[in-house]
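In what follows, chain A forms one complex with chain B and a second complex with chain C.
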Partner chain A sequence: MSGWAIFGQAVLAVVGGGIVGLVFRGLDRKIAARMQARIGPPLRQPFLDLGKLLVKETVIPKTAVAWVFSAMPFLAVLASFTALLYLPLGPFRPILEGYGDAIVVLYLLAVPALAMALGGFASGSPLGVVGAQRELVMLMSYEFPLAVVLVAVAWRLSAQGIAPAFSLGTIAQNPLWPWVGPLGVIGLVVLLVTMLVVTPAELAKIPFDIPEAETEIAGGLMVEYSGTYLALFYLADVVRTLVMAGLVVAIFIPYGIAGVLGLSGAAAAAVDFLFWLFKLFVVMVVAVTTVRVGMARLKVDQVARGFWLWGTAASLAGLLLLALDKVVMG
Partner chain B sequence: MKEKRAQDPNDPVLPAVEERELVYGGLEAGLGEVFEVPIGPIHPALKEPIRLTFKVRGERIVGVQVRTGFAHRGIEFMGMRQGRNLIQILYLSERICGICSISHPIAFTQAVERAAGIEVPPRAQYIRVIISELERIHSHLLWAGVAAHELGFDTLLHLTWRVREKVLDILEELTGNRINYAIPIFGGVRRDITPDQYPKVREALRYYRGLLNELLDAFLRDPTVEARTRGVGILEPKEAEELCAVGPTARASGLRKDVRQDRPYLAYPDFEVKAITPEDYGLTPMGDVYDKIVVRLLEVGQSIEIIEKALDNMPDGEITSFPKIPALLAHLKKAEGEGLGWHEAPRGEVIHYVRLVSGEESPLVWKVKAPTYSNLMSWYPMFEDQEVADIPIIAACIDPCICCMDRVYLVRDGKEEILTKEELLRLSWEKTRRMAR
Partner chain C sequence: MGLSAFKRALWVFHVATGSCNGCDIEIVAALTPRYDVERFGIRLVGTPRHADVLLVTGPVTRMMAERLKRIYEQTPDPKAVVVVGGCGSTSGVFYESYNVVGPVDRIIPVDVYVPGCPPRPEAIIDGVVKAVAKLEKLGAKV
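Then we have the complex of A and B:
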């Protein structure tokens, strides 16, 4: 593919990703509101929020380290959108396929969190510092299970003789479910559950919204951000939700329905793309909306202990089951 | 507390600039060092202005300073000024607190009735009890919702506040207002509860009785709520006793302390109220936040029982011993003496002291003690060695009512002053002399 074609696709993906992300955020808020017996905001509310933030004054506190404070929102939003470009978009291969693989996505997912933490440290507010410390602890606790899930799946693929195993495009085209035996299915389910638990942590949503914790530290690492910078963080968060859901879909449920409906060509691609969006939506509702409605916020030590102990144990168990399955199935 | 310092006249609430820089942690604070985290006077976790300055090492609290006085309104001063009669002051007393807006009038009317020797007809006493117990239901549900919000469990907040609407509707039906009911008046109550209103109240009580188990389940069986409240903000019984904690704060620590039980007033002797502790739910009292949830929710059930009993045994007769206001005012103007009124507000014991002088419409002295004033000190042991994440729920667990509590705030020549013990003693002598005349 020529450079210009990739560039064009990337622009399309970024604009589309932003819009879809904001629509999904609206749906998330509406569904959460209905679950809480509220009416909830209109679907376009995230667009209004973003627009309002963009025209508001951006305040940089006197006590902040100005360049770090200002650079971090851009870093967060760039990393989130770049991660989107490495994701298989339903029937389409990842736009940047061949320029990096799943490991890059892992890093790109960690970058916004790191950026927020640095922004919090640089904001010069004690609440921001507390939030940043919490963000770093969170990052250290949920990244390992996430990495193990990816490695387990990639290893099983390479054991099957499929290369490049670490490419998300390959992973999405070769779902593991048909090849594994009963042990492997259990292993995959364990990995899927781990992934679904990691998702709200990665996105800092209740019960893992500890770095922001509105009632505790008044927004934590976001406390000093305003105007355009806050809008950028908002956008990064919205896109990251898509990326995390897309990751779950790519690894575990990459199936389309065009084949079942007997479609082909452009119609098949369109239907599969819509179905992919629907899958993203389902994953978001299951892993983010229902969880954040149904739980209280945990404390950072509880989360760290939980992920280091149970998260790690679950992901390793999944890996072990996949390995055993490979031995049993031959 | 900080030393005396200049107050910026344009910025009376925010701390002065040098203090703000003092609390600045920033990048230099790094990990593992002690730095200050200011909470308030304006903070999402606090519904009212109060300043808590925490010394924090990482996530651990190593020290706390509480500074009050941001919401002082000088209500007693307004009441003691010449020219206001007691009925006008009654309206003021109603506005000390928006949530326990019948607790203060009940204590205040009792104090005045004792000072002026006014009898309250039994039916009026029952009506006062019913309204104050309805208020307890709404206040405890309100608190439960706030507590859930502080834990980041907004769903529980929305659901609790939704069911709270029912009791507010009943209060509106009975008194005309959702809050600030203006029901007690010296010598009785302003409005009768008519028999055709009984079924509506009973229906609401049935609603809450059916809901109570669901509420207990939602709060006490939820693993995340338990993880956030068990062993958090522990107040030992000994500490609760020494620090004079009152109300659910003390009862959650296992102290059977309830004004309705210890010094029954109005019609409360008829109901034989027993103070509720977590033991009544089959738990050993630990004095943590979880126990405070238990106590408050159980008290909702207790209030339901009291109201049902009151409706069943409602005595007939007058609702006030002074149907005509001018006669009442004339009687109060002639009255001389002092009186103490008390009431178990949803947050604990509230006390009003009044001294009347013959020939004057205003009282010479009116002193209010709100429950939060007694409970505030229990924050210190509760915050000890807890985590930053626990601050909101611990601050909320005594159900603080800051503007009820802010009774004195001294500003002299534009300077805020902190009084020492000796100065306070001197002031109290002067006041006694003034009262003795």
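Then we have the complex of A and C:
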């Protein structure tokens, strides 16, 4: 693919990703409201919020380290959108395929969290510093299970003789379910559940909204951000939700329905793309919306211990089961 | 975007300046499923930096006056101030009390008064929506 073609697709994906992300956030808020027997905000509320934030004054506090404080929102947005370009978009291969693999996506997912933490440290507010420290503790606890999930899947793929095993495009093209035996299926289910638990933590949503926790540390690492910068973080968060859901879909449920419906060509691509969006939506509702309505905020030590003990144990168990399955089934 | 941006996306910060908790409970009531202000895009936020509207309750005690001023200055423009309750509007039963320097409009400029002891959630929502008119005027200038 030529550079310009990639550039064109990237622009399309970034604009589309932003719009779809905001619509999904609207759906998330609407569904959460319905679960609480409320009417809830209109679907276009995230667009309205974003528009309003862009009109507002952007304050840079006197006590802040100005350049870090102002650079971090842009870094967060850039990393989130770049991660989107590494995802298989339903029937389409990743736009930046060949320029990096699943490991890059892991790093790109960590960058917005780091950017938010640095922004919090640079904001000059004690609440921001507390929030940033919490964000870093969370980052250190959920990254390991997440990495193990990816490594387990990639290892099983390479054991099957498929390369490049760490490319998300390859992972999405070769779902593991049909190849593994009963032990492997249990292992994959364990990995899927681990991934679904990591998702709200990665996105800092209830019960893992510890770094922001507006009732105790007044918005934590976001405390001094306002106007355009806040809008950028909002956008990054929205896109990161898409990326996390896209990662779950790419690894565990990359199936399309065009084959079942007997479609081909452009129609198949369109139907599969819509079905992919639907799968993202389902993952978001299951892993984010339902959980955040049903639970209260956890304490940071509970999260750290939970991910280090149970998260790590679960992901390693999944890896072990996959390995055992390979040994037993040959 | 400037004119209508605030109409349906108002973020509200609640400042209690020595209130008895009556008005504060009514503000919380406005968030409950019964009144559900989120359907109008109104959201309670945790920091003045995110806020468009300051909801001030209470007669403003001597200690809170300085803090109230600071919170007002921390709120990014354009912003509006809504006073909720009789105490904030007139100092109420604490009028000329030795530890009260209020009412609120002696400390910061106020746009909307919502009287009542405490006002009903409907009245609070109405007050916040009236603040939109001011914000739109300011938003047009930005």
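Just so we're on the same page, the second predicted complex is superposed on the first by the 330 of 330 C-alpha atoms of A that agree within 3 Å, B and C clash if a C-alpha of one lies under 4 Å from a C-alpha of the other, contacts with A are read in each partner's own complex, and residues count from 1 in each chain.
Heads up, the rule we're going with is that a residue touches a chain if its C-beta (ideal position, glycine included) is under 8 Å from a C-beta of that chain, and two chains touch if they have at least 3 such contacts.
Remember, it's a predicted structure, so these values are computed and weren't measured experimentally.
Of the two partner chains placed around the shared chain by superposition, chain C is the only one that A:Asp49 touches, whereas chain B remains out of contact. By the touch criterion defined above, A:Val129 lies against chain B but remains apart from chain C after alignment on the C-alpha atoms of chain A. Look at A:Asp209: by the touch rule set out above, it reaches chain B but stays clear of chain C. Touch criterion met: A:Arg297 reaches chain B, while chain C stays clear of it. Looking at the shared chain after the overlay, A:Ala218 reaches both chain B and chain C. When the shared chain is aligned, chain C comes close enough to touch A:Thr58, but chain B does not. Using the contact criterion defined above for the overlaid structures, shared-chain residue A:Ala37 touches chain B and also reaches chain C.
Applying the stated touch rule to the two superposed structures, the overlap between the chain B and chain C interfaces on chain A comprises residues 36-38, 127, 214-215, 217-219. For chain B in complex with chain A, the residues that touch the partner chain are 21, 23-27, 29, 31, 35-38, 43-45, 56, 58-59, 148-156, 158-159, 162, 222, 224-225, 227-228, 387-392. Of all residues in chain C, only 1-2, 5-6, 8-9, 11, 33, 36, 38-41, 45-47, 49-50, 52, 74, 76-78, 139, 142 touch chain A in the complex they form. Put simply, chain A touches chain B in their complex at residues 35-38, 63, 65, 121-122, 124-127, 129-130, 133-134, 206-207, 209-210, 213-219, 293-302.
If you check the complex, the residues on chain A that touch chain C are 29, 33, 36-42, 45, 48-49, 51-52, 54-59, 127, 212, 214-215, 217-219, 222-227, 230.
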